[in-house]
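Paired with chain B in one complex and with chain C in the other, chain A is shared by the two complexes that follow.
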Partner chain A sequence: MVYKPQFYPGATSVAENRRKHMSGKVEKLRDISDDDLTLMLGHRAPGSDYPSTHPPLAEMGEPDCSIRQTVEATPGAKAGDRVRYVQFVDSMYNAPATPYFRSYAAAINFRGVDPGTLSGRQVVEARERDMEQLAKFQLETEMTCPALASLRGATVHGHSLRLPEDGLMFDMLDRTRKEGNIVIMHKDQVGRPIDKKVNLGKPMSEAEAAKRTTIYRVDNVAFRNDKEVIEWVHRVFDQRTIYGFKPE
Partner chain B sequence: MANDRKKMFAKHMEIKFTKEHGSNKMEGGEITDMVGKYYRLGVEQNPRKVEMKKAGQEIAKKRGLAGYNPMMHCGGIPLGQRALTPSFISGTDMMVEIDDLHYVNNAAMQQMWDDIRRTVVVGMDMAHETLEKRLGIEVTPETINHYLETLNHALPGGAVVQEHMVETHPALVDDCYVKVFTGDDELADEIDKQFLIDINKQFPADQAETIKAAIGKTSWQAAHIPTIVSRVTDGAQTSRWMAMQVGMSFISAYSMCAGEAAVADLSYAAKHAGVLSMGEMLPARRARGPNEPGGISFGHFADIIQTSRVTPEDPAKVALEVVGGGCMLYDQIWLGSYMSGGVGFTQYATAAYTNNILDDNLYYDVDYINDKYDGAAKTGKDNKVKATLEVVKDIATESTIYGLENYEKYPTTLEDHFGGSQRATSLSAAAGCATAIATGNGNAGLSAWYLSMYLHKEAHGRLGFFGYDLQDQCGATNVLSYQSDEGLALELRGPNYPNYAMNVGHQGGYSGITSAAHAGRGDAFAVNPLIKVCFADELLPFDFTAPRKEFGRGALREFEPAGERSLIIPAK
Partner chain C sequence: MSDASPNTDYLQLEIYPSRLLNPDTAEALLNEIAMLEGVVRFFVHGPRIPQTVPYGPATGEIVNHPANKVIVVAGQEIDLEVSVGGVRLEVTDADVKENIREICDRLLPFSYEFREGLFIPTIQTVTDYAKRGPDADPMLLGMADPKGKLSKKPICILNKKSE
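== the complex of A and B ==
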């Protein structure tokens, strides 16, 4: 029998969405052009070459070894790209993603990534073109709602704050705005103004966000009602505790 | 168990988020509203920030060098893009500016740490044996009183024995003194009351009996060197300063020869054999001497805080006061300054002792435990529930989900604890303290702490910052580890315990859990009766029975600290 990853327990829509994020089988909702992505990330000018920190691996005369034979370098590593970051902030008011599930999604589905998981933000560092691939994927799919999530390199608070009347998660640096029925980004990740307004598309409706979210909330899918998840947490807790007491 | 009870944080949230403070326009609305208005008023909305901005401008002008300027924040967009709201000190009605809870801005916080750092407990019995058995000098209550009078002159920096000697000005060191205590009521009766910490007076009768039995007929000095000395030097100086003045006082009081060999024995007893520091010396990688915060075990800290002798019938309050004091000392001062720097740690730590959010969670737990476990959260030894994994899971799960749902039902509490680390501390401290109160077992409480972290992480898909992944995901494995150093009793763990050394938002909680286990049992002390008695003393500038209230007084600029230098600097 072929092993089929189960990813996550639970019988609720939140649990199902978590499984989707982890498996990478998420719905594409919008298109972000490469140049727009580059503008928002703010690491280099659109259309410019990727700065490198070493020559392409093929030119470096690396020694042959079993690890190199087993693991193929990512495109960014092969080219010698520098390491850059993408950082997302997701609102606790039913944003589709949560920091841990962005990290799981990155680590399971992408190679050469270094996810960092905090409460209000989630960062992935990787070779620049590898990072861009991941950032594009997460921005274009149901993992991201442009109103309830945003790219923020610094000054990230907002995930836990009440939503403003326009429904866009609070951002001290005002990087995104609602114009008509779409969300635009007019500053880069760290709040520097960019040359054009990047169209991020329509926000999710409240109902759609509640359907797609990976956070348990008492006013949507209550954590205490997903018995299987709690049972699984208890099992992890039991095992870790007992193993420390008597490792066998 | 209905969890729609009256929330202890409701009033504070209403004042913070529905009433204007300064000119922040927080007027109207409900604390359950999920939509808020953001006026982006900057620092001008807040009285303290305005004061600080003005001071920064004056300083820059005076010294000709740039200084504090809130417009330097991120591209010229200052703090205050959302409302800057005040906070309430939990367990009080004291409303304070959050800036005033940074220890630099709070004299009470500084004094709490000063009072701990400048304190050692020194045995008297070795010195008395040296005098009596070696030198044949009679030691009586009268000679002890005379010695104590001498030492209260010498300890602050008064000269004895010498005839031409510099001395410290008494007005600069008026907080320095020594008192004694003993488990021997007969000896205590003979000691001049000004010098005595009276265990019978300071503790409830049952606690006093336990403490006196533990101390027995031994006698001890609670010595507090001058705050100003401790600030100029460090915690390791405390025993040295004390030992020098103890030695000189013995020479003077007992008319000894200044050079005789027995003096070395007295000195050795005071410096090493008979001295109890508040904190242990730290290893080279965190190099600090004794009496620095990184060496203060959670058990010692639980004993330093004195709430347990004032409100023994309310173990939750005891634990909450220890959490508050511990978060200030361990997070704000130890991790926040000794080990790191800057201002961020204060924001984490204050979450545990402001706005009654943790208090509400813990008192809910107390009700839950009393209902389900037949009064196990009431103070007592025979009513405790057995510490099993099933009990830990039950209490920790209920406590954590109750707290999580409060953040979901009351968006203002979520906004108040706007960082996951703040929420994680509050939720886990509630779960840990509640379980410790119910079981009388600190490690069961610690176990609940870690389960709470797991549940929180899974519910919200987020926890604290990176360190929470390390410390809180592997923590359960060392709660009951078969390896003795990893599985240590919580009372004996401290900030330097493996994995505890790097992460804000934990150590205050751990010390709270430690105290909760013993407060739940009605114990007189957690780990050391000498430390418990040493701080049972109203003469200390900081009131260790109510650390949170003291922090509030400090924030309101009502607290009078010690060690001030105004006597020797130009008057302004």
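== the complex of A and C ==
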């Protein structure tokens, strides 16, 4: 029998969404062009070549190494790209993803990435073109709502604050704004103004965000209501404790 | 240090909306509160909005945040440096409290928490002493931005005629 990963226990919509994020089987909701993505990330000018830190691997004459023969380098590593980062912030008010699930999604579904998980933000470092591939995936799919999640390289304050009246997560650097019923980004992820307004699409309605979220909340799907998750969390903690217990 | 606030019979209230207020909503709310008889003093608080990017590669860039706006309260211009997340007030009695609740019901388009408690210090702290000295007016206790310079962020005296 072929092994099929189960990813996450639970019968609630939140558990189902967590499984979706971890497996990478998420719905694509919007299109963001490569140039727009490059503008938002702010690491290089749109359309320019990827700067490199070393020559392409093919030209470097790599040593005879079984690991190098077994594991194929990622496109970014092959080309010698710089390591660059993308950082997301997700609101606690039913944002679709959370830092942990962005990291699971990155580590399970992408190669050559280094996810960093913090309480309010999640950063991924990778070779530039590999990082862009991941950033695009996460921005275009249901892992991101333009109102409740945003690209924030610096000054990430906002994930745990109440939402402003327009429903866009508070951002003291004003990187995103609501124009009509769409959200635009007019600064890059660190707050430098960019040449054009990038259309991030329509924000999710409150009902849709509640349906797509991976956050357990007492005012939506409570953690305590997911019996199977509770059982597994108890089991994990129990076994961790027993494992460390060594009477002599 | 100076003694406690002059009138300990005053009630202290907090309005805590479920959303951060737009400057326009905050202006309307504060104007109604300022016009009310029996409101002794109030201040707004919330997440700070910087004029320029404070750190990172874009340090020094102008932010130009829409919530950073000059609002007019009781005829006085006030430069909002925070996104208004709450209002804390001191009022003379419970009737005023009900009037304020009625104003919030009318002006806030979403739910809010409204509670009575101790939100403004009644005894001078070391910071107050350092900022204002030993003979400070007790009415000014707790009324300054703790991170700001008093000369740059003065306290507005509204409705001076009632003093």
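Keep in mind that, in the parts below, the second predicted complex is superposed on the first by the 245 of 248 C-alpha atoms of A that agree within 3 Å, B and C clash if a C-alpha of one lies under 4 Å from a C-alpha of the other, contacts with A are read in each partner's own complex, and residues count from 1 in each chain.
Quick note on the criterion: a contact is a pair of C-beta atoms (placed from the backbone, for glycine too) under 8 Å apart; a residue touches a chain by one contact, two chains touch by 3 or more.
A quick note: this is a predicted structure, and the numbers were derived from the prediction, not measured.
Chemist: Chain A superposed: clash or fit between chain B and chain C?
Modeler: clash
Chemist: Per the contact definition in the header, classify A:155: touching chain B only (first), chain C only (second), both, or neither.
Modeler: Both partners, chain B and chain C.
Chemist: Which holds for A:99: it touches chain B only (first), chain C only (second), both, or neither?
Modeler: The answer is first: A:99 touches chain B but not chain C.
Chemist: Considering only touches as defined above, state whether A:73 meets chain B (first), chain C (second), both or neither.
Modeler: The answer is neither, since A:73 touches no partner chain.
Chemist: Scan A:218 for contacts with chain B and chain C and give back first, second, both or neither.
Modeler: Only chain B; A:218 stays clear of chain C.
Chemist: With the two structures laid over each other on chain A, which partner does A:177 touch: chain B (first), chain C (second), both, or neither?
Modeler: After superposition on chain A, A:177 lies in contact with chain C alone.
Chemist: Just checking: does A:244 make contact with chain B only, chain C only, both, or neither of them? Give me first, second, both or neither.
Modeler: It touches chain B, and chain C stays clear.
Chemist: For A:230, using the defined touch cut-off, is the partner it touches chain B, chain C, both, or neither? Pick first, second, both or neither.
Modeler: Only chain B; A:230 stays clear of chain C.
Chemist: Check the contacts made with chain A and report whether chain B or chain C touches more of its residues.
Modeler: Counting contacted residues of chain A, the larger count belongs to B.
Chemist: Need the overlap of the two footprints on chain A, from chain B and from chain C, as residue ranges.
Modeler: 154-155, 157, 161-165, 170, 172-174, 191-192
Chemist: In the complex, go through chain C and note every residue touching chain A.
Modeler: Within the complex, chain C touches chain A at residues 17-22, 25, 47-50, 53-58, 61, 63-67, 83, 85, 109-110.
Chemist: Which of the residues in chain A end up touching chain B in this complex?
Modeler: For chain A paired with chain B, touching residues are 18, 92-93, 97-101, 116-120, 154-155, 157, 159-165, 170, 172-174, 191-192, 214-219, 222-224, 229-230, 233-234, 236-238, 240-247.
Chemist: Help me check something: in the complex, which residues belonging to chain B touch chain A?
Modeler: Touching chain A from chain B are residues 33-38, 74-75, 77, 81-82, 389, 393, 397, 401, 404-405, 407-409, 411-412, 414-415, 417-421, 423-424, 447, 450-451, 454-455, 457-466, 469, 474, 476-482, 486-487.
Chemist: So in the complex, which bits of chain A are touching chain C?
Modeler: Contacts found on chain A: 42, 153-155, 157-158, 161-166, 170, 172-174, 177, 187-188, 190-193.
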